[in-house]
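Shared between the two complexes below is chain A, which pairs with chain B and chain C, respectively.
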Partner chain A sequence: MEPAPPILHVENLRTQFPTETGLVKAVDGASFSVSRGKTVCVVGESGCGKSVTGRSILQIVDRPGQVVGGRILWRPNDAHEPTDLAALDPRGDEIRRIRGNEIAMVFQEPMTSLSPVHTIGSQIVEAIRLHTDLDADAARARTIEVLEHVGLPRPADRFGAYTFQLSGGMRQRAMIAMALACDPRLLIADEPTTALDVTTQAQILRLLARLQAEMEMSVLFVTHDMGVVAQIADEVVVMYLGTVVETGPTEQIFAEPRHPYTRALLDAIPRVGQRRRGRRLATIRGSVPGPHSRPTGCPFHPRCDYARPGTCDTREPATVALGARRHVRCVLAEEEVAVG
Partner chain B sequence: MTSRSTVMAGSESTQNRSPGRRATRPGAAGPAPMADGNLLEVRNLTMHFTQRSGWFRRTRRVTRAVDGISFDVRTGETLGLVGESGCGKTSTGRSIIRTYTPTGGQLRYRAADGTEVDLATMPSSKLPEYRRQIRMIFQDPFSALNPRMTARDVIAEPLKVNKVAGGRELDDRVVELLRQVGLRPEYRDRFPHAFSGGERQRLVIARALSLNPRLVVADEAVSALDVSVRAQILELLVDLQRQQGLTYVFISHDLSVVEYLCDRVAVMYVGKVVELGSTEEIFARPRHPYTQALLAAVPQPDPTRRNILTQPPLEGEVADPADPPPGCHFHPRCPFAQEICRTDAPPLRTTSDGHQVACHFAEQLTLDGLTGATAGRDDEQQA
Partner chain C sequence: MMTQFIVRRVLYMIPTLIAISIVTFLIIQAPPGDYLTTVVAKLEAEGAYVDRSQLDALRERYGLDDPLWSQYWTWISGIVTEGDFGRSLVYDAPVADVIQDRMGFTILLSLSTLAFVWAVAIPIGMYSAVKRYSIGDYAATFVGFLGLAIPNFLFALVLLYVSHRYFGQSVGGLFSPEYEDARWNLGKLLDLLAHVWIPVIIIGTAGTAGMIRIVRANLLDELNRPYVTTARAKGLPERRLLVRYPSRIAASPIVSTIGWLLPSLISAEIIVSVVLSLPTTGPVMLKALESQDMYLAGGFLLILSVLTVIGTLISDILLARLDPRIRYGKR
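Presenting the complex of A and B:
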């Protein structure tokens, strides 16, 4: 049986920032897809392009950056032909209809997307009235409904609250309420729990999981925390320097990482009882190179323990499929497939 | 950080400085001698911040950031301070290095020459000597370094200010420190912007180590770093401790890092220590419901054990330290709270096995900790 087409399919996405000091290739040929109703985590260290990937989908890359290549196929329902978001004008009407309506986004810092001088309620009402034809009273009722939905206590009172009157966790809930007000089919969450305490993080993760199940929404969750990935993801996309190095179902990625970078990331996390058993943390030598000093060949080769001089530093490895929904971009995997 | 006077001025403006308000403690004339093996003994430490407002500024609002805590720091150990934001971890750390002047209690410190002194009441004129011995590593390596100072200046400044080294000797010491923290000495003329986040944190560490401190207070020292770099810095801290016999007070909200690095852990909640014990005990057999809730909220890096979405999370938020609930501060969020918890604040007491806990029902409760199952699986993989 042919599997249902994914709700979002990103193919060879390239987003670049022409700066005075040179061209920064923030996303350099990323491909992955999000299945309907699933949670996909994009994971990587700072500078790997995970946030820019999320922003590229909505065409809200900060200037002077822009999507210069690839396709972003958006298919909110199976019956329709997909729309290529990469081809849309970032300031056009078409993307505006999708942005905040079919695809919504939440950010790490609620204060970047919430206005400090407007009440929570008026901001959500504005978003609802922009995308629906509800009148002011209906929009207000809907706002209180979504505020209650995200677990904000006394939602009717909080309608008139300003952001500074809310705690960090409550602001994050208000932002999620705003994102969900128009019933999006896909939620892009960019590190929404990174600035929160672990206890608040657990509350927000549970909230997102509950809302996702209730609304049959797909989620693209950008994070650097492998613990969060293990807890919530159906599938994982590992990025390094603008490229997708490995994708696959969460259990497989954690049990059997195939790319040396994924393996190194997992080994760098402290495990309970590890030090008492006298085992050090595995470290990845060096650090993520700056945007202007991107290595040739495989971008990970200067830090890779398995790098082969003459191969890894000269040519970019191909992305090979190792099974259903499992892709690795590494010379070692290439050989394995060729032999097998 | 580059200018000590700025730090002091900042803290002075926010805290209560009136001399009469300092609580006089009984037996102040002759404090009990410190126990063997302790580098620092914190006794009933309080750090209250007073804000005045209203008509003639007569309305006082007292934030009890640290509210009567006691613990020991043993020579050569790493003591973790954990808790949610707003629980008083950072205020405790800043009191130890005396950028805050505590409003009460004692900080008994065994100095390098063997004498025992109380840092909490020490006049500012005597502090420089002890600030050489007790150093701090800050969270954000981007704001802790002056962008207009080269790596050499950053590390050399404490040496010059304290007249420890000069000229050729100073240069040699800078090179040695850079090597110790794993930076190439050739980079010493570079400015902070030319370093990556991990390299900057190494610089901050080199600066903290420049005066051969005995106690290092690390406040969220690895929280701003990427996973791969975080592992490097953690291993660096472990190596430096082994080589130089350092003692760390490691303040962090990241429990997996604390579990890895610390020998003992103190759990704080709204200005009080609610549990203190060996890392192994705290993580495997927590006695306080708050500790257990914190552990349960740590996302385990193992998709076969999904703790976050299956267990009910700790509801509510940290109480306001200016207006904490009566009785046990944790009772509004505690699933085991009884009538006594609403009225009586439980003292921190030692249980029969030497663990310290502040809960009325510590003996009755059986709380789940984190087991090493994840790591066990990991063992097989690497074997």
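Presenting the complex of A and C:
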């Protein structure tokens, strides 16, 4: 049987920022897909192009950055042909009708990502009225309903609250309510818990998992935290310097990581009691190179324990399929496949 | 919340106003001698006989032999209770009468200029920010610097020449001769409008150029803020997004300039009014200072200071309306 087509299929996406110091290739040939009703985690260190990938899907990268290549096939409905979001005009009406309606986004910093001078209620009402025919009263009622749905206590009173009157956790709930107000089919969450304390973080993660199940949404969840990935992901997309280095179902990624970068990320997860047993937390050697000093060949080779001089530093590895939904972009995997 | 805020701000104004009136009074008193010494000097210079009893009556009237604080009290209570600002020496009339006619025109001119500055600078500044580094942006920057660089008096003379030469208008003033002393009617109003644009452009140009830079810089600061991206991710059309989110926040620093814009417009107005011989307070103020007509100068000073304080109050109230963080004392 032919597997159902994914709701989102990103293919060879390239997003660039022309800057005064040169061209920043923030996303440089990324490919992955999100299955209907699943949670996919995009993981990688800071600066690897995760946020830009998420924003590229909605065509909201900061100017002068723009999507310069690849396809973003959006298929909210099995029966219809997909729309290529990458081909839409970022300022046009078509993409606007999708934003906040079919695909919604939650950002990292609810304090700065919500307007400080508008009440949270009015910001949510605005999204509802933009995409539905509801009148002001109905939109208000709907807003209070979603605020309640995301677990904000006393939602009717909080309708008129400003961001500075709410705690960090409540702000993020308001932000999530805003994203969910129009029943999106895909939710892109860009590190929605990074700015929160551990307890609140766990609450928000549980909330997102619950909402996803209730609303049968697909979720693209951006994080740099492998611990979070283990908690919520069905599938994982590992990014390094604008490229996707490995994808696969969560259990396989954790049990059998095939890319040295994925292994390094897994080794760096802090474990309970580790400190007591006197072991140092493993960190990944070196750091992510700046956007202007992108290495030649495999972007990870300068930090890779398995790098082969003469190969890894000269040519870009090909992405090889190891299974139905399992891809690795590494010379070692290439050889395995060739031998096997 | 808002009412409470306004009441608090109005209460804060009272000590400020008292302080201003004291400083103004001290300025009036600063020249050696008192008001009557100046009067006597003037009369004697004209060879007039000064009646002793008349002098004493005036002395009594102004309480000139009283201690300073008591004189201040006489002066300020006269102003507050009866609107009596004392007598102008130069015009030989109550200060209030001299000021009254002219103050109206000054306020009219200042408000028209303010409207002109904003109507021109805000759209251009917004355009420059949104289309940064476009040809339009560079053009606005160039014209803006030109506007800052040209001295007002030169600009006044050029515009006068142009309006006389090509529009056949009477030179200077706010009215054509036939309307100068006429009663108010539609014709006089139109005549006023036909004249008022010259001083408005002259006084407003430098301010407009500066304001374009302020609007552009403030808006640029806000355009890439996360809350703008959020609003865009909701699906808002660009134009509505611009007006509703970044502009709303970028407007705060601009609104806060209302307070000091007023005195700066009025001081710019002085020179222009002299050049264009406008019936505003500017030339009178200049004359009052030249001839040491201190009650007149003091009256002007006081009224302008009070207007500035009121302008600040208005800008504070608008700011609080724009930004709830101010209303709730979070900032």
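Note that the second predicted complex is superposed on the first by the 329 of 340 C-alpha atoms of A that agree within 3 Å, B and C clash if a C-alpha of one lies under 4 Å from a C-alpha of the other, contacts with A are read in each partner's own complex, and residues count from 1 in each chain.
Just so we're on the same page, contacts are C-beta pairs under 8 Å (C-beta built on N, C-alpha and C of every residue); 3 or more make two chains touch, one makes a residue touch a chain.
Quick caveat, the model's predicted, so the values are computed rather than measured.
With the two structures aligned on chain A, chain B fits next to chain C without clashing.
Of the two partner chains, chain C is the only one touched by A:131; chain B is not. Touched residues of chain A, counted separately for chain B and chain C, are more numerous for B. Once chain A of one complex is fitted onto chain A of the other, the partner contacts of A:250 are limited to chain B, with no touch recorded for chain C.
By the touch criterion defined above, A:114 lies against chain C but remains apart from chain B after alignment on the C-alpha atoms of chain A. Once the two complexes are laid over each other on the shared chain, residue contacts for A:307 go to neither chain B nor chain C.
By the touch criterion stated above, A:201 is placed in contact with chain B alone, chain C being left untouched. Within the superposed three-chain model, A:268 lies in touch with chain B and out of touch with chain C [touch as defined at top]. Looking at the shared chain after the overlay, A:105 reaches chain C, while chain B stays out of its contact range. In the overlay built on the shared chain, the residue A:45 is in contact with chain B alone; chain C does not reach it. Of all Cα pairs linking chain B with chain C in the superposition, the shortest spans 11 Å.
Residue ranges of chain A in contact with chain B, taken from their complex: 45-46, 167, 169, 197-203, 205-206, 209, 224-233, 250-251, 254, 264-266, 268-277, 280-284, 287-288, 290.
Of all residues in chain B, only 84-85, 196-199, 226-232, 234-235, 238, 253, 255-257, 259-261, 280, 283, 293-294, 296-304, 306-309, 313-315, 317-318, 370-372, 374-375, 378-379 touch chain A in the complex they form.
Those residues of chain A that touch chain C in the complex are listed here as 55, 58, 60, 62-63, 91, 96-101, 104-105, 107, 109, 112-117, 123, 126-127, 130-131, 162, 164-165, 175, 178.
Put simply, chain C touches chain A in their complex at residues 224-227, 229-238, 244-245, 248-249, 322-325, 328, 330.
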